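Chains: A, B, C and D, in written order; residue numbering restarts at 1 for each.
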Amino acid sequence: MELKGISKAFGTVQANKDISIRVMPGTIHGIIGENGAGKSTLMSILYGFYKADAGEIWIKGKHTHIPDSQAAISAGIGMVFQHFKLVQNFTVLENIILGAEDGALLRPSLSKARKELKRLAEEYELNVDPDEKIEELSVGHQQRVEILKALYRQADILILDEPTGVLTPAEADHLFRILDFLRKEGKTIILITHKLREIMEITDTVSVMRRGEMTATVKTAETSPEQLAELMVGRKVLLNVDKTPAQPGKTVLEVENLRVKDEDGIERLKGINLEIRAGEILGIAGVAGNGQSELLEILGGFAKGTGHIRINGEEIDLTGKHSDGQSRRRRGISHVPEDRHSLGLILDFAAWENMVFGYHSDPAYQKNRFVMDNAGIVAHTAEAMERFDVRPPIPTLPAKSFSGGNQQKIVLAREIERNPALLLVGQPTRGVDIGAIEFIHKRIIELRDQGAAILLVSVELDEIRALSDRVAVMFDGQVMGIGPVETATQTGMGCLMAGMGGEDVRGMDGWTIAAPEESQ
Amino acid sequence: MDFGTIIEILDSAVRLGTPLLLACLAGLFSERAGIFDIGLEGKMLMAAFFSGAVAAVTGNAWLGLLAGVGGSMSLAFVHGLASITFRGNQLISGVAVNFLASGFTVLIAQSWFHQGGRTPQLSGNGRFDPITLPGAEAVQDVPFLGPIYSNLISGHSILVYVAFAMVPITWWVLFRTRFGLRLRAVGENPESVDTAGISVIRMRYTAVAITGVLAGLGGVYLATGLAAGFVKEMTAGRGYIALAALIFAKWRPVPALGATMLFGLLEAISNRYPNIDLGVVTLPIQFMQAVPYILTVIILAGFIGKAIPPRAGGQPYVKER
Amino acid sequence: DPAIIYDLGGKYDKSFNEAAFNGAKRWAEETGGSYKELEMQSEAQREQALRKLAESGANPIVMTGFAFGDTLNTVAPDYPDTKFAIVDMVVDQPNVESIVFKEEQGSYLVGMMAAMASKTGTVGFVGGMDIPLIRKFACGYVQGVKAVNPDAKVIQNMTGTTPAAWNDPVKGGEIAKAQISQGADVIYAAAGGTGIGVLQAAADGDVLSIGVDSNQNYLHPGKVLTSMLKRVDNAVYDAFSAGPDLKPGIKVMGLAQNGVGVAMDDNNKSLVTPEMEKAVEQAKADIASGKIEVHDYMSDDSCPVE
Amino acid sequence: MEKTPKWVDVALIPLLNLLIAFVISGIVVLLIGEDPIKAIKVMVSGALGSPYGWGYTLYYATNFIFTGLAVAVAYHASQFNIGGEGQATLGGLGVALVLLAFPWPHWTIALIAAMAGGAIFGAAWAAIPAYLQAKRGSHIVITTIMFNFIGAAVLNYMLVNVLRPRGSMDPATARFGASTHLPTFHDFPLVGQFFSKSVPANVSFFVAILACYLVWVLIWRTKLGFEIRAFGRSESAARYAGISPVKIVMAAMLISGGLAGLMAINNVMGEAHRLVLNSVEGAGFIGIAVALMGRNHPFGVFLAALLFGFLYQGGGELALETTIPRELITVIQALVILFTGAFDNMLRAPIESFFVARANARKEA
């Protein structure tokens, strides 16, 4: 596969500029680059989703014209988009056959697909229940569906756009096993990611993109993470977080027997007990969907439940009139939510409006009893954007015009700035490029050092390890174990995340482990 | 209330519910494909006019039907152009379509027939007369089932049977065919359809065209089945009621049948019982006239719960901003 | 020149605006004169239209519909030299002629005919909207029915509460069908465009119907028993003929003045029996002589019979 | 993308769209055998050519400003309020009840009381649909449609059976006392002499302008407006921020219904001086078009309302002065809505790409 001189502009934004790249069959080719560098755009052009302004696509040595995705599919290209293109309320099977049906009736297509799916599942260890609705699947499984879609269409070239951003480490490992397998079968794989570890681990060659241009293509074996990071960001990047030991103060947050039920009446938190002290970061590890989101939601005030939460010894209302996000914020709880698009930001709002979102009732932002002090907020935002290195630092730009990393910085700025007693952080660096990750991590540590208590939820074990002082592992709505990060072993944590105690865990000094029978 | 009365009320409900049903199914195709349509009223009106006009001139109801459907489809095309090609606001376009039909029908009717925006009365083959199903007379006297068959089921215009047949057909098309799968997908997530190599634009235009046909049939039934000619504004808000029924039915064909027939039934009841004497007070006529709408609100609030529209509904499909 | 302003229903409403239009047309044809005419768009235009015509020198200015009453009351004093005529409403101004029709008398007659034509003893009435004018029609009708057959049942319906009530032939037809299924075999429609659906459904259902305002017998020959005529056309014709000499005051258009009546023509000849004709003639005479007094709903906002 | 000059965006494109709408309307006029040039002349001079014309144009515009704002406010909270018609109808009832209840000494006091009456009744008529939407998830589009019908029935009942003076043929209330009559443009100092006695435009027009300003303040300057907009754009984010969905839906809909109800100070109190059947005359529905065309911004609503006021008055003149049927106006309105609203991108897209291409070319150079 080869791209020659691809250019693409969205209005005045030049997303791709004269890009050429060549990928050999039977290899995995990585593409890295900062947020907004144009990676997704380039791949979407290859897949016929966008039309290039200029340039040629060559497949298997033939100049191929790809005006739409249909052509791309016929040319043997399959793509797993950064944001999945699945129909949420369709079953897996329906999603698989969509656009690849045999004949006008569904029944034969469905039964054929069911058989084929079974074969693929066995061949590639890609199990999914074909009759499950997409909306009921975890993101990991949704991604399998996307991969299956491509394989069902007999793709020889598979493009994966930031596939691991939403996966747990275990899921990611599984994915890489599959990719390895596919490579051995002679398929070509293009992998976009922000994670240098993954690039180093699995790719054969890697290309670096910067501001719409291809800055380098190198053999993975001949490079290092540091070099790639530098190529990407244009300066030296610190890949490890600098952190002094924590100096915990008094207890800020106490959580006692916290229980939350979801809309269907299923208990998602089954009696959580925790405490966090001033000046320490408690990381919550666990496979996504084991109650971490619910924990953040109830602490952040937008889920209801029973039990006790105390901030600096004061009881917090869990069900009544004062159990909403604004009351929580007044009590000094700030919250960087897991999903910045649907929770943390209003994408249509300007940056300055997002900068006070949730704190808009704060007297500091009111001009008088009736109206808000918009000019003041804009000025304040401009200054905060400067401090948090949000690019471009234009307060009137709508949030949707910022790249993922910069959006996250806006949220972080808003929540950190207030010097909260307790900061809740969910997946702070999901989909964010290396440069931004470095920055965000630094800020979180800084806040800790100023004496805030921080609850960090992340599916990235690396991130948990790098930032946390203590770690709690959640499984099935319970805390399986909690203890200092220094003594946590990889295997021990893995066992806890899977809901098991056992030998491996016992070796972890200073850890409190829940009684195993509770895990059922 | 005896059995005969119940049959009569149900019979009336079927007639009153049929135009709503056709319009509701029309809206279903469009909205399932992600195009909101508050212009059902206008499409029906346009079809009512053209069917009435052409049937009056030719004396042939079938030619009227073709013309009516054509009129409705031309408005559907305008709506499609606005909401698919030009990515305009679908609500604005729907409002415009309603205004357009409302003014245009009377304007042409006046310039063609000089009867104050009416078409001449239709008679004979210019109308879709009730048809008697085979054996209807024979089974008339069979207790219970006899009247149901001969009075309720038999004796409607062909368009009623078409409308009822459209319910299972719509269901089958939507849930059992490739076309239906793609149609639903395009209303839920057009990107998934696009990346699967299917043209979003073509799917949506097809859906909008089907909407034109079905809404057209609803209008045709009004002018050539139920009434005998076109009268200005004769849809009298039925397009909006059909829209309400569509939401009521949560965009599903079989519940759409239920919802529209419920509206028909409530209207038939309020026609049949203009006043209800409760002994102490006689409920005023205005109350009985409002009963269908009041009951709708109560049923909606009490039993239906939240209706979630197709996810991509109302938004133009824009790939590149 | 004289002028006429039609009410919001428009001049082709197949009802009394159309009758007024016919009167004006007849006048123009017969005298060769010309006249101005205006159609309303909205409530606020009433005054606009009146003043516009008055300032253009039109005289007299005729308007159809009670809804003009209020406006005329304020406008008329500003143009003392212009004569106005208003149909269906009394406006007490020195330069206004108020033309009121005794619809109850005409309705009484058609009620009698309905009762005599009915074999089931049940007849129907379909009104456009529940407003006093329609109640006046209904009340006269019921009185006529009961005068012939005190045990007769009259089913009364109104079509709606929005302006659509006057333009919904489908609903009119459906109401007629409901009345037919309850035994009604003569149905009187006073509902504008909706009435067309009533007449149609009656014809389809093989029962008789009664038209209103103008002669609607021709719509379904042999199926429309008669039409209650409200000679707005005559009123307009007279006013136009009188010209600037129009006599202010109240002009009552009852049976005696040929202001209301029943339509007899070739289309309904076969339906009207000699007895019917005799009874109607007798009643006409009795009403004119005062022997029968048809109660006017408007006199006390109530109707003695139901 | 912000490379298109502002004047092109807000002035040139809408004007071109308007032009297309009028050209097509002209073709329609030609097709029905009338003279389009004359039609345009009559419309423009009738609506804008004299203080008299303006007196009507602004009167209609006042109605549309209120109903347009009503739709716009609800829209910001992502509620599609089709119930303006019913809310304005009930607002009329509220105004009439207030004005008939008490011999008001002066119009200023009467106006304030009537505004309260209209707004409260209008808001009350929006309250049930709002509550059902907020608490039960009953779709607001259905319930507001239903409440339009129910409102018409309520008004019909009240006028015929309760409020009609005894013996009156007209299903309308008695006239309001002369002291409650709002000053019309004719009564204004200085400019009054230019307006004839019959022009219906009255002080309500200024109330409407004030309402535009207050709605603008509400939506873009207050906490509540911030929350309304936030909720309207993203319900999930609003919950995260601690904004109560029930509160926002209720607040937005009550304000919306209140604005629709306020319309009655113009048509009922200011013009008719009594309440008649169907006094709203479809202004509630036109409000939808006005709001959507005005992009739900009060200033846009103001402009769109003026445009519709112009069409209404110009169309009225057309019906009065020519033999063109009055339905032509409906067609022109439809075309204006279509081209300036729904077909907006037809011109916008090519014009914008022209400017983008120019900007890119400059960047290259």
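By definition in this document, a contact is a pair of C-beta atoms (placed from the backbone, for glycine too) under 8 Å apart; a residue touches a chain by one contact, two chains touch by 3 or more.
From a predicted model like this one, the values you see are computed outputs, not experimental measurements.
> Just the chain pair, please, that has the highest number of C-beta contacts.
B-D
> Please compute the C-alpha centroid of chain B, do the same for chain D, then give the distance between them in whole Å.
One centre to the other, that is 29 Å.
> Would you kindly tell me how far, in whole Å, the mean C-alpha position of chain C lies from that of chain B?
34
> Could you put a whole-Å number on the gap between the CA centroids of chain A and chain C?
Roughly 75 Å, centre to centre.
> Measure off the straight-line distance from the CA centroid of chain A to the CA centroid of chain B, and report it in whole Å.
Each chain's C-alpha centroid was found; their separation is 46 Å.
> Quick check on chain C: which residues sit in contact with 2+ other chains?
10, 130, 160-162 - these are the residues of chain C that touch more than one other chain.
> Name the residues of chain A that each touch 2 or more other chains.
In chain A, residues 10-11 touch at least two other chains, as defined above.
> In chain B, what residues contact two or more other chains?
110, 117, 232, 237, 286, 289-290, 321
> Which chains touch which?
Between chains, contact exists in these pairs: A-B, A-D, B-C, B-D, C-D.
> Help me check something: in the complex, which residues belonging to chain A touch chain B?
10-11, 47-50, 68-73, 79, 81, 85-90, 94-95, 97-101, 103-107, 109, 149
> What residues on chain B touch chain D, complex-wise?
78, 81-83, 86-93, 95-100, 102-104, 106-108, 110-111, 117, 232, 237, 240-241, 243-244, 247-248, 284, 286-287, 289-290, 293-294, 296-297, 300-301, 304-307, 321
> Which residues of chain D touch chain C once you look at their complex with the stated criterion?
Residue positions touching the partner: 56, 59-60, 149, 152-153, 155-157, 160, 164, 166-172, 175, 196-198, 200, 267, 271-274, 276-279, 281, 312, 315-316, 319-320, 326, 329.
> Across the complex, what residues on chain A touch chain D?
For this pair, the touching residues of chain A are 9-12, 300-302, 324-329, 335, 337, 342-349, 353, 357-358, 360-361, 366, 370-372, 374.
> Given the complex with chain C, which residues does chain B contribute to the contact?
Residues 5, 8-9, 12, 15-16, 19, 110, 115-118, 121, 222, 226-229, 231-234, 236-237, 267-268, 271-272, 274, 285-286, 289-290.
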